[in-house]
Structure formats: structure tokens, C-alpha cells
Amino acid sequence: MKLFEIAALLGCSGVEDSIEITGMNTLREASAGEISFLSDSKYEKELENTQASAVILPSSKAHLLPKGVIALPSDEPYMSVALLSKHFSKPIRSSEVPPVIGEGSVVYPSAHIENGASIGSNCTIMSGVYVGADAVIGDDVILYPNVCIYRDCRIGNRVMIHAGSVIGSDGFGYAHTKMGEHVKLYQNGNVVIEDDVEIGANTTVDCAVFGSTIIKQGSKIDNLVQIGHNCIIGEHSILVSQTGLAGSTTLGRNVVMGGQSATAGHLSIAPFTTMAARSGVTKSITNKGVYSGFPLMEHKMWLKMQAKLAKMLES
Amino acid sequence: MKLFEIAALLGCSGVEDSIEITGMNTLREASAGEISFLSDSKYEKELENTQASAVILPSSKAHLLPKGVIALPSDEPYMSVALLSKHFSKPIRSSEVPPVIGEGSVVYPSAHIENGASIGSNCTIMSGVYVGADAVIGDDVILYPNVCIYRDCRIGNRVMIHAGSVIGSDGFGYAHTKMGEHVKLYQNGNVVIEDDVEIGANTTVDCAVFGSTIIKQGSKIDNLVQIGHNCIIGEHSILVSQTGLAGSTTLGRNVVMGGQSATAGHLSIAPFTTMAARSGVTKSITNKGVYSGFPLMEHKMWLKMQAKLAKMLES
Amino acid sequence: MKLFEIAALLGCSGVEDSIEITGMNTLREASAGEISFLSDSKYEKELENTQASAVILPSSKAHLLPKGVIALPSDEPYMSVALLSKHFSKPIRSSEVPPVIGEGSVVYPSAHIENGASIGSNCTIMSGVYVGADAVIGDDVILYPNVCIYRDCRIGNRVMIHAGSVIGSDGFGYAHTKMGEHVKLYQNGNVVIEDDVEIGANTTVDCAVFGSTIIKQGSKIDNLVQIGHNCIIGEHSILVSQTGLAGSTTLGRNVVMGGQSATAGHLSIAPFTTMAARSGVTKSITNKGVYSGFPLMEHKMWLKMQAKLAKMLES
């Protein structure tokens, strides 16, 4: 899609450049040929180093762009991004190349492997499994019945995913009109699951808006867990059943989250942190420790609070 | 089924009428040829206007019925309804008419479309999807792998349902014997999903006992959400991941429910209400605003309470 | 596998016995030919009556074993059990015997029934269902689309399981190395679901480590519920949507758990106990009653606490 076509689509006048734009990305991740955006002023300082060819942003910020980066002025940059994201979304099927199945792998007849996908050696791909276009599955992987891997996702070696889990479904992102309608931000990223990860049954891991949602090596995730778009789960972390992570939260290595715990989005959790069952995390955690409650506090403070509440109850 | 047969089934003596009864419904929704019931005295005033042909109710309430409506006296009306509901439940398969697939639609080979169902044009019905008898799917719909649409459900245009979600599973309703056993109330209603709705992965939406569970136009529902029987979700509402709604709750338009929030059953939530993550709603909300906590309170009060609790902890 | 081979595998010197070991089990459940273990000293008193042929345990406890039971000393018994569990895990497919389908049962073409499984009479096994090796399904069972029954599970008569539910996925159990890595404890047990149980959509029930996870007769389980390994759900219990039970918890008969409630592991809940929605149960309940809150308290105390908190807010 040429830049002047994008400008016309978004209603930006005066942009005549015919450079070919191949995709969208964040200010930090974008490279030449990609378009980026500034919809939240807290990322303003990332403008100066962006490698994007063009940036959607409020006209008042256009002067902050490096020389050679083209401004696409917008009163509602996030809405412009949503409108444009549809044009860069990939179709469900896009490849003519038959899937590659490695030596020793068993694929049940009712599994559906799209063109462009590849499956390593010694895998077991059970009944009803779906593997999307251009997805890459490593060696010695077991996908239990009815697991769904969306397009472009990458699954490492010795990964085990239990029945019904969904990897790479769209993140939950919309721009909102003044009339209260929601315009879908198409999710063009993927999910990367590293080696030796185990995922339970009926868990969901959303793909990234741009880039990757990442579950790092050796992490273990229980049943009915929700992992939002662009989360990063550190190595050897443990997420117990019914835990939920909102988008763009990063866990360090060896983080433990108890059952039914949850984090808000855009947080950073220190390595080796433990959050007890039912914890509700609304702020980043910089010091490892054991935490509880909602709002979150040190576990020993939570115990103290329960003691005080019990005493209040007796009075 | 003839009325005297129903009376015999329920052990109501003295009912000889041979009128054909075609179904069951609520007092308010029932029409001629249907049977209704009074199991909770708070609906007593709906007796006088019911269009039902017959009503199951305590004998002490029979005099409140309009002229011409036949009483089926029962000491345990809800148990009688449960016993009768089985006889009006529809079989999984009931049609000889092959499904209709609209122009431009792609149906993967492992999808199963029952007889009597219809799918509009330009749809993508992916692997492992199930579409039940007499279900109606609109145009430009995407059903991702292993989505299950139970019989009689209706899906609007431009609806997108992510992998593994279940639309129209039975609501959770039972009558209880004195011995503590549970008798299933067969759920004979459906789910109606209007245009431009998006539903995430592994979410569940139960069908109505009678009538419809409704998700109105433009609403967006995240992963692992539970929507109980007979709920109505207003236009352009947003339900974040792991939210749960018990049966028969109605949300107005543009309601937002944060992650892991929940409502009890039979509530009414005002349009444009926002409930923060983890909210637990046990009473109806008549004034729009931002609410938090369990029990629910205005969000600013919740913040105040947290401040007071923190102070208590320091003392 | 011969005992001296196991000893070599685990690095226990001096064990030369060539007795054939056929499986692993708990101290209480093990019989001759099985190996057991002591990894938590609270089970120490079960050593004296164990019928196991050999026991993995700290060398300091070896003198507590009955005569004739062979000790396999280990500094990290739980890790030894995890390492050994892999060798006793059953393959996904292990039988050459074609599945048996009872009279009057309908099996949709896209369902996958493994060899060694049997399905009773008058069942409906819908599209995309998976029934694992040696699983036994009773009579008059309905498995809705994409239900997955793992190997060895046993489903009683008149059981109904709604779409997408997973029965018998691996419990969430790992031994942890000093480097913070997690070694899978292979889950070699099964799930037993007794007669007249109904299970909602997208619910998950994990198999037992050893022995059985059991859902007793007449229990009703809603959508998106998590039941951990080795739980026992008493007769006619009711678990409302999004409830979660950690491993090895036992509910008595007619227990009710409200929506989004949860229990920790290894608890015992008295018969006829009701836990309100959102209850969080961290200790066993010995007296039946109605309970609420997290931490759990009598419901009337919870109401009193809410009143006191409301009063505090006004001050």
C-alpha cells in the first residue's frame, strides 16, 4: 500500500509520497517501510529515534519527528490506527505451499493444518487440532484434541498444550467513536511459545497487536488462564488456574501467580515474585517478595489486615 | 401434547381439556397454545394479563387467573415445570432439510452444519465448527475453529467468534427435590447475537430457558467470559476477560465490565455504567457511573475505603 | 520395570531386588508390585500400613517401613517421584482393540474414538468429540461438540457434558529444581464421573496423579469451572460458573459453591455446606452452614463486617 493511499484513507491532505508501506508497528519496533503512531503522549520521547517511514500523530507533535520521517496528522491517532489496521491484517489463508510434517510426527486425520505451516519431528497433533497458516511447531510437541494455533504463531520444542486451548486469538483492542461504537484494532502480531512450556486445558493466549506475545522457556500454565496481547511471561514462571493477565504486562523469570489472580495491563513484575491466590495487581512490582490481596500488598501486611478486620468484627 | 395429557403427567386431577399445547413460556411472553407457570409470588401480578392457555401454579392462586385460562394446580410449580420441560425439549436433530450455505462462504470440511441450519454469504466457517439445527448465521461472519453454535441460535452479520467459544449451551437451571436431588429444567430458548458483535476465545453464552439470551449490536466480549441464560447485553457494551453474568441480568447500552467482574442474576444495570475489574454486583444499578468492589460501591468510595483500610493497617 | 532398574534410575545404590514394579501410588492406596513415596512428613504415619513393595523416602525415615518393604532413599523424594512418573505414564494410544459402540448410539463422523474405548447404548457423541484409549462411557450419555475425554476416564449413565469441556487433562504438578526449573509429575490417574452428572461448557476436570478424580452421582457443574486433580465432589453438589477447586479437595454431598468461588487444595468441606459467590476457602469446613468472603467466614459475620466497613467509610 503506498503512503499517499494511506493518507487518503485516513483523510490526511498534502501527503503525496509514493513509498510502499508494508506494515504497522510501534515507534520503537518499526523499521523502514513501516508506519507507526503516537496515540499516548507518554511515548512521545520515542519519536526521535523511530525508524518508521511515517507516523500517525497529532499535528502539534509533527515537529518532534526526525528528519525524513513523514507525518500523517490525525485528531484521533488511535482511531486512525484502527482503521488502517484492517488493511494490513493478514487473511486466514495466504499460502499455496502445503504444510510440512516432520519425521515421526503423527497427525490425526481430523486435524487441520493450513498451507504454509510446518510441524517438526516426533510431534503428536491430535484430533480436531487447527494449525494456522505459516505457524511453526517445533519437535516433540503434543497438541491435545481441539487445540487451536492461529496463523504465524511459533511453538518451541517439547511443548505440551492440553485440549481446547487457543493460542493466538485476537487481542481485545478497539478504538471508540464519539457515538460509543467500537472500531476493531486488527491484531497483526503473533504468539511465541518457547521450549519446554506446558499449557493446560481451555486456556487462551492472545496474539500481539504488533510483534509477539511471548511465553518463555520452561513456564507452566494451568487450565482456563487468560493471557492478553503483548504479554511476556518470563522463564520458568507458573500461572495457576483461572489467572488473568491484561495486555502488555511483563513477568520476570520464576514469577508465580496463584489461582484466580490477575494483573492489570502494562505492568512489569520483578523476577522471583510470588502473588498469592486471588491477588489483584494494579501497579508494577519492582521488589521480589510474596504479595496478596486486592489492592495488592505484601503478604505479611495482608495477614495483619485480616487480623485487624477480625478484631473490628469482634468489637 | 394435549392439555389433559400434561395434567396427567403432573398429577393434576380434574383437567379434561384436549387443547393442543405447543410449548412453555413465561407469564408475560406466553401466547395461546402455550403453558406458563407461577413459581415465585413476585410475578403474581402478571397472572391477570397472561395469554397462556394454561398455568401451573399453587391452587391458592388459581382464582387470580383470567377467565378462560386453565389452572394446573401444583404444590411445587417449579418442579412441575422442570418435569414438563423435558417433554418440550427439542431433539438435537429435527430437520430433513439440508443446510443452506450462502454465496462466497467457505466451510471447512471438518465443520459440521446440521440440517435446517443456514449460513449467509461470504462467511468463513473454520475447522471443527458445529452449527446446530435451525441455527441462522448472517453474512460476513467468521467462526474460528471449534466454535459451537447450538440449535436455534441466530447470529447477525459481520459477527466474529474466536476459537472454542460456545453459544447456546444449556442454562444452569434445576428444581430441587426434598431429598436434595436436582431435576433439570430443560432450556428450550436460544441465543440471539446481533450485528457487529465480536466474541473472544473459549467464552460461553447459555441459551434462554424460554425466549432468548441476547447480545445486542456492536458489543465486544473478551475471552473466557460466562453469560448466563436470558441475559441481555445492551448495544456497544464491553465485557473484559473472565467476567461472569448470572442468569436473567440485563445490561443497558455501552456498559463496561472490567476483567473478572461479575453480576448476580435478575439485575438491571443502567446504560453507560462502568464496573471496574473484579467488581461484584449484587444489586441493580439505576444511576450510571463508575463502580468498584464487592460489595459494589461508587469507585470514589472504594478508593476512600482503601485509604481508610491502609490507615487502619498503620495504626 | 524391575526394582533395581528404578533404583539405578533414581541413583539409589545397594538395591538389587528384581521384583517387577507395575505402577506408582500413594502410601495408602499402593498394593503389592507398586512403588510409593513419602515427600511430606505429615503422611509419615501411613508408612506403617503401606502395602507398597518399595517406598521412595528420606533415608532417615527408612526405619519406619514395615518389614519386607524396600526403601529407596532419596534426598528429594518428590523430585524422584517426578522423574519416575514419566516411565510409568501411559502412551496416548496403547490398544489394538477397536472401540465398542453400544446399540442405538450415534457417533458423528468427525468424532474420534480411540481403540480400547467403549461407548454404551443410546449415546450421542457429537462432532469433534474425542474419547481416549480405554475410556468407558455409560448409557444414554450426551457429549456435545468438541468435548474431550482423556484416556482411562469413566463416565456413568445419563451424563451430559456440554461443548468444549475437557475431562482428564493433566493435573498441574511439578517438582522444582534448585535452579528454579519445573519437572513434570506425570499424571497417571483418571477421572470418574458417576451417573446423572451434568457438566457445562468449557469446563475442565483434571485427572488424578494416582487413582481418580471423582464427581459423584447427581452433581451439576456449570460452565468454565476448574476441578483440580484428585478432587472428590460429593453427591448432588452444585458448582456455579467460574468456580475453581485446587487439587485434592473433597466436597461432601450437597455442597453448593457460588459463582467465582474457589477452594485451596487438600481441604475437606462438610456435606450440605453452602459457599456464596466469590467465596475463597483456605481451610477445611467441618460444620455445615452458609459461608462467604475471602478469607472465608460465616455468611452472617460477612454481612456484619460489610456493615462495619460501611460505617467506617462514613466516619
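Letters A, B and C mark the chains as written, and numbering starts fresh at 1 in each.
Criterion: contacts are C-beta pairs under 8 Å (C-beta built on N, C-alpha and C of every residue); 3 or more make two chains touch, one makes a residue touch a chain.
Because the structure is a prediction, the values reported are computed rather than measured.
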Rounded to the nearest 5 degrees, what is the angle of the rotation that puts chain B onto chain C, matching CA atoms?
120
Given that chain A and chain B are copies of one sequence and touch, is their interface built from the same residue numbers on both sides (over half shared) or different ones?
different
Mind checking the centre-to-centre distance between chain A and chain B? Centres are C-alpha means, answer in whole Å.
32
Per-residue overlap in chain C, given as positions that touch at least 2 other chains:
110, 128, 146, 164, 202, 224, 242, 260, 312
Which bits of chain B are touching chain A when the two form their complex?
108, 110, 124, 126-128, 142, 144-146, 160, 162-164, 198, 200-202, 218, 220, 222-224, 236, 238, 240-242, 253-254, 259-260, 272, 277-278, 306, 309, 312-313
If we count contacts the way the header does, which residues on chain A are in touch with chain B in the complex?
92, 110, 112, 128, 130, 146, 148, 150, 164, 166, 169-170, 172, 174, 180-182, 184, 202-204, 206, 224, 226, 228, 242, 244, 246, 260, 262, 264, 280, 294-295, 301, 304-305, 308, 312
